[in-house]
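Dropping the structures in below, format is structure tokens.
Two complexes are shown next, each including chain A; its partner changes from chain B in the first to chain C in the second.
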Partner chain A sequence: MTRRIVNGVQMPSWPMRGFKGLVLLVFCAAVIIPFVAVISTSIAPNKQVTDSGGLVLLPRSVDLGAYQSLFAGGVVTQALFVSIFVTVIGTLLSLTASCLLAYSLARPGFTAGRPILLVVLFSMLFSPGIIPTYLVVKGAGLLDSIWALIVPTMVSAFNVIVLRAFFANLPGEITESARIDGAGELKTFAYIVLPLSKAVLSVIGLFYAVGYWNAFFSALLYLNDSKLWPLQLVLRTYVINDTQLGSAELGTEQLPPQSSIQMAILVVSIVPILLVYPFLQRHFAKGVLTGAVKG
Partner chain B sequence: MQLSRRTFLGGGLAAAAVAVTGTPLISGCAAGKKNQAAANLAVKLPTYTRFTGVKPDLPGTDLVLDGFLKYPANPLKAITDKPGDGQPITFMTNIPGAIPPAADKNQFWQALNERLGSELQISMASNDEYKDKFATRVAGGDLPDVINIPVDTVQIPGLVKAKCMDLTEQLSGDAVKKYPFLANIPTQYWKGCVFNGAIYGVPVPRGMSRTSLPLYRADLLAAKGIKDPAPKNFQEFFDLAKEMTAPKQNKWAWTRVPLSTIRQMLEVPNVWKEDGGKFSSTYEHEAQLEALEAARKMVAAGVINPDAFNDKATARKQWFNGGIAAFDYDSFVAWNQYYADNTTDEAFSVNTLDVPGFAGGQGAPWMGSALNNVTAFSKDSKHSVETLLKIANWMAAPFGTEEYLFRKYGVEGRHYSLVGTDPVPTKTGVVETGIGLQYVSDSALALYWSGKPDVPRKQHAIQEKVAPRLTFDASYGLYSDTQSKKQTQLTKTMTDLENQIVQGKKPVADWTAAVKTWKSSGGDAMRTELEKAFTDAAGK
Partner chain C sequence: MLQGTKAKPQQQLSLGQRLFRDRVLLLFALPGTALIVAFHYVPLLGNVIAFKDYQPFLGINGSDWAGWANFSVIFTGDPAFLQALKNTLILTTLQSVFVFPAPILLALLLNSLFSERIKRIAQSILYLPHFMSWVIVVALFQQMLGGSGLLNNYLRSHDLATLDIIGNSELFHVLLTSQIIWKDTGWATILFLAALSQIDSQLYEAASVDGASRMRQLWHVTMPGLRGIIILLFILRLGDSLTVGFEQIILQQAAVGRDVSEVLDTYVYNNGVIGGAWGVAAAVGLVKGIVGVVLVLAANKVAHIFGEQGVYSR
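Moving on to the complex of A and B:
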């Protein structure tokens, strides 16, 4: 039996292809099954969750009790809005600040560029630690303010370096011709450089967005008012605190099992950021590679 | 100073505070350390005056908790004046459950503020994260008026001396009578609030309610024809476990290895034992090897849920709730929690085994840890110490009072409905009331379960039975600097080894070597410090 040749490459034999397919299937299952279990547990009826010891793969029926009790108190809804605000505004501010810094560092002839770059690199090697940062946040009057979730982490040195590498490698002729046409630095940056940088901006934007979306520790330290807590901190409290929702000393109406609630809030916290990925995916490989290879 | 989160949380708090604030937390503490234990003992503890306004159906003792078969009709309004001073009071605490709605959307919180006469602003964190938050705020010099200090906080004496109010004058001896519900907290609990020869806090008492015993699902055992099981020795205990195991039906006897129960059968000490001024640790006890061997046998026989070593407490509780396991080692609080998780299952029933001796006779159960936390008041607070103590007193109003009913259950109609005289919480009630008030101050737990008088009866009966045999931790009320810094890490190392041994991954003989390492890494230092504290206290 001769094997099929496609584009000059001999295709593997059928048993081999079957084996490869099987291996891929196992890997896919390893990724998908836990995800399915998370969703199934969040919508499975209480009794099934309890009987199965906390994890359900195929729900017998759909019960949205866990989601209802999550959103009933208003805490999760409020936290969701906080998270969305912090992620959107934070990402925009971070991109603006990082791009401006990176672009100025990438411009040839900027005399203070090198010392500033060293300062940026220094912050990458030595982080300030919890208490000094806390004192700075306190000194800046940001305690108990939603800006405490954005300002201290607004500029990431790593992202600035990636952006700088990208800007530095844009052909100098383009900016030069813009200048000849009478454009100043800001205009060149806004109308010439940024439109050419969509790929890297999407990737860095995604890095920032995921960072803001997942951050919880700043909120734990800086925010006393739980009204300002982002979703991730609320999620952690649900997942970490092993007790049921209620107080141990009281009797109560039956609430959904703890694992249903945990899985429901996991779904709630994953979905928004998951929705952003497909739109940025096409830029992703290009953006990352640009920074990586030329940096 | 470069300080990673890990080193900071591992005990760098004081060092960090020195670096940041320039105020050594332990200054003064070191100078006075020599006679600290004697000074602590010299403090006249608050006089215990039992509150007699509410008569329990099942009267307790200093150890056994009061039991109530139903909530008293027309609860007594015990405090007429509003304790607050009209100004907001800040409080920082961990909370054990879900995040409650913020004050502006929480009617319970609003009603509380109204009753207190001051707005209570609460800064919360989950149990696990509280220590991070606490340590950062201490070092950042940003403490609230009322502070929940966990008992395992590093270097408490230095911390309270630097940052908290000395309450001795207001609470010592008969002075506490001005705050009748604080006076209703038995004297032994106050021992844990004394540092540097002064009273620095109000206790949040636990003790008996935290005593753990082998809980079992009475309904599941009854279905197998086993009623009121009472194994007389380890072998019968083991046989009972075998009988309740059916792996093919996904059923195991135990949610976790009952090593603590086996140790109690062998009369292994509860943390530290004192004998003639000499201290010995639970790890060093000669019966440890036998206990580990017995636990290993149980694991090998397959009577423990095979996921017991991987999963968290949530899973363990779900196995017990779902009948995947019939036995669990836990406290009276957990016993109630199981009923809270299973309100719709009428047949669901929990009871507990007494602890027999390993070869017969009676075992020696361990008394639960005395305190949940110490509540201290910040030196920088603008409120008077009297106001803050009045708030703590209000929070300690016991079961049967109107204040307790509000504190634990909220407002009738919204947070609970009355069935007879028993309050039954609504979902809203459960969520809105969970703002951590029980950690400002609390009365001792009362044995009670809304609509199920059988529960407090069973709980009271077993408490009366085990009370005379309870073993206490001899180190309670004595301060050891090494223990405060190293206990958590050393305990973790020993627990990890224990798990390996009972799973058969390491030989039982490894325990002896590990105990040697434990001694040299801090165990011996703890012992010396505890013995010294004990001797100083005895000699005054």
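Moving on to the complex of A and C:
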């Protein structure tokens, strides 16, 4: 992909190149350093953390005590299960509902296709507002239920449009031949269309998964019962608001320094994203741009 | 294109027959459509409580009509509302001036790099913060710049004066703006980089042969190539101009107080869900929503007058 020759005639001057390098370096450092400090502090030995008065940039040795306390079965373990459940189940449901809808909209000659497409597109023009949405969730009986974190955000109109554009661009001959061989809509969709759409499915799946994993406000709004709290709410309570995490909350007598535990909670909420990130990164541009091409 | 092969051409079938023929597709479309209707369109009906004296135990139908009473905070200029409006306008201005151009500049910088390898590495690093939740971003900023954060610990251990950044109400708007820049600038370059890669490199060569300096090329070749996407994104930004970062602010509101941190969205939340003034909150939310839609439509109109495509054509 190096065919783009930016200004093949003139090379920029050295001071200019130095300046650009510096700006880029500063920007990248500003992104990386916080992550390094957080991970380092979470694995640094207790004494180093206490001596430094908070954060550590380079751990002297590795001490996983903070993680042992977190996973001892207290509030954080509980919240982790909630977050994993919401993310996995939510993403599966989101992908299923969005793909089915997008596939039907991508089929030319689908009788109700046009009005449904307008319903989807028009919903992107406005956001319904906090209070009215709250009343609908309440009316649906979802308050204080884990499903309140999934159902209201299950289908994103934007993602449906991206998927539709991708499905519509698949070569028609392939689905055609499937149909001649006697495959119905469901078979064509499941065995022909989906396997051809892995790239876009992984990007849209990532968008949904990150959305569920990161959801904070819906939990704050809809859940009073702290047993149902996802990781993000635990993070707010014990890291941002600095509420003390004692042995009662952690379910263990072993108490590393508070900042080690706080940083370990942060790491637990960051790592899943860091893990999937490299695999999906190459599809980003494609996934984002498919939707931009045509609606 | 996916092609349907059906025995009869469409015109010969009645609507009912065609719907029956497409029953499987209708079934496919049902769950997604139902969810969009339920959580995007049905809430619009809920806005009716803006005109009611809503009491949760009475329900929407049981509550009395209140006419325009709930809107009085807007029309008579309730001080708390005006403060929220003022903060919203300050923040949206800061965002338009500093947050909006940042990815354009960064994309130009990335695009001008000669090494594809460095460019790719920088992109992987810079896209990452976009995937972090606001809770994580706020926590990271606290840990870096807070009273006992990395920066101040360093300054303290070297006997330098510490910096009071987090929890300082005077710097709060600047802090919010820099958090958005940190989180989303990298990711936002994607669209601009895509537009830049569409520009024909022959244009640069031709301009260069004609003696155009690099600045001239930037102005006469690069900027026209970016104009469409810049205008499009600016229109979308304008429609969102009264939405200035809800989660981000809610998370940090306790530390700096409401005077500097209350914006329209937090006003709706704090008065409605927390304070129980449902009708007033819904009224403010409704007006905000309508203003947003009007802004998008108006901006699109202006774009059409100037011969640009805008969000939708016609």
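Quick note on the criterion: the second predicted complex is superposed on the first by the 199 of 295 C-alpha atoms of A that agree within 3 Å, B and C clash if a C-alpha of one lies under 4 Å from a C-alpha of the other, contacts with A are read in each partner's own complex, and residues count from 1 in each chain.
The rule is short, and it goes like this: a contact is a pair of C-beta atoms (placed from the backbone, for glycine too) under 8 Å apart; a residue touches a chain by one contact, two chains touch by 3 or more.
In this text the structure is predicted, and so the values were computed from the model without any measurement.
Engineer: So, A:V136: does it touch chain B (first), chain C (second), both, or neither?
Structural biologist: The answer is second: A:V136 touches chain C but not chain B.
Engineer: Using the superposition on chain A described above, determine whether A:G172 touches chain B (first), chain C (second), both, or neither.
Structural biologist: In the superposition, A:G172 touches chain C alone.
Engineer: Hey, is it chain B or chain C that touches more of chain A?
Structural biologist: Touching more residues of chain A than the other partner does is C.
Engineer: Touching A:V88 in the superposition: chain B (first), chain C (second), both, neither?
Structural biologist: neither
Engineer: If you stack the two complexes on chain A, which partner ends up touching A:D225: first (chain B), second (chain C), both, or neither?
Structural biologist: After superposing on A, A:D225 lies in contact with chain B but is clear of chain C.
Engineer: Scan A:S69 for contacts with chain B and chain C and give back first, second, both or neither.
Structural biologist: first
Engineer: According to the stated criteria, A:A190 is in contact with first (chain B), second (chain C), both, or neither; which is it?
Structural biologist: Neither partner.
Engineer: If we overlay the two complexes on their shared chain A, which of chain B and chain C does A:D51 touch? Say first, second, both or neither.
Structural biologist: In the superposed model, A:D51 contacts chain B only, not chain C.
Engineer: One more residue to check, A:R107. First (chain B), second (chain C), both or neither?
Structural biologist: Only chain C is touched by A:R107; chain B is not.
Engineer: Regarding the shared-chain residue A:Q281, is it in contact with chain B (first), chain C (second), both, or neither?
Structural biologist: Second partner only, chain C.
Engineer: Kindly list the residues of chain A that each of chain B and chain C touches, one partner per complex.
Structural biologist: Residues 52-54, 126, 129-132, 134-135, 217, 220-221, 236, 240-241 of chain A touch both chain B and chain C.
Engineer: Which chain A residues qualify as touching chain B in the complex?
Structural biologist: That would be residues 49-54, 69, 72-75, 78, 126, 129-132, 134-135, 138, 143, 217, 220-221, 224-227, 229, 234, 236-238, 240-255, 257-259, 261-262 of chain A.
Engineer: In the complex formed with chain C, which residues of chain A make contact?
Structural biologist: Contact set of chain A toward chain C: 1-2, 4-12, 20, 23-24, 27-28, 30-35, 37-38, 52-55, 57, 96-98, 100-113, 116, 119-120, 123, 125-136, 140, 151-155, 157, 160, 167-168, 170, 172, 175-176, 179-180, 184-186, 189, 210, 213-217, 220-221, 232, 235-236, 239-241, 263, 266, 269-270, 273-274, 277-278, 281, 284-285, 288-289, 292.
Engineer: So in the complex, the part of chain B that touches chain A is made up of which residues?
Structural biologist: 1-5, 8, 16, 20, 90, 92, 95-105, 121, 123-129, 132-133, 136-137, 139-140, 142, 144, 250, 312-315, 317-319, 321-324, 333-334, 336-337, 339-344, 408-409, 422, 424-434, 438, 445, 449-452
Engineer: Inside the complex, what are the residues of chain C that reach chain A?
Structural biologist: Against chain A, chain C makes touches at 1-6, 10, 15, 18-19, 21-22, 24-26, 28-29, 31-33, 35-47, 49, 60, 106, 109-114, 116, 118, 122, 124-129, 131-136, 138-144, 148-150, 153, 156, 182, 185-186, 190-191, 193-194, 197, 201, 204-205, 208-209, 214, 217, 243, 246-247, 250-252, 254, 265, 268-269, 272-273, 278, 281-282, 285-286, 288-289, 292-293, 296.
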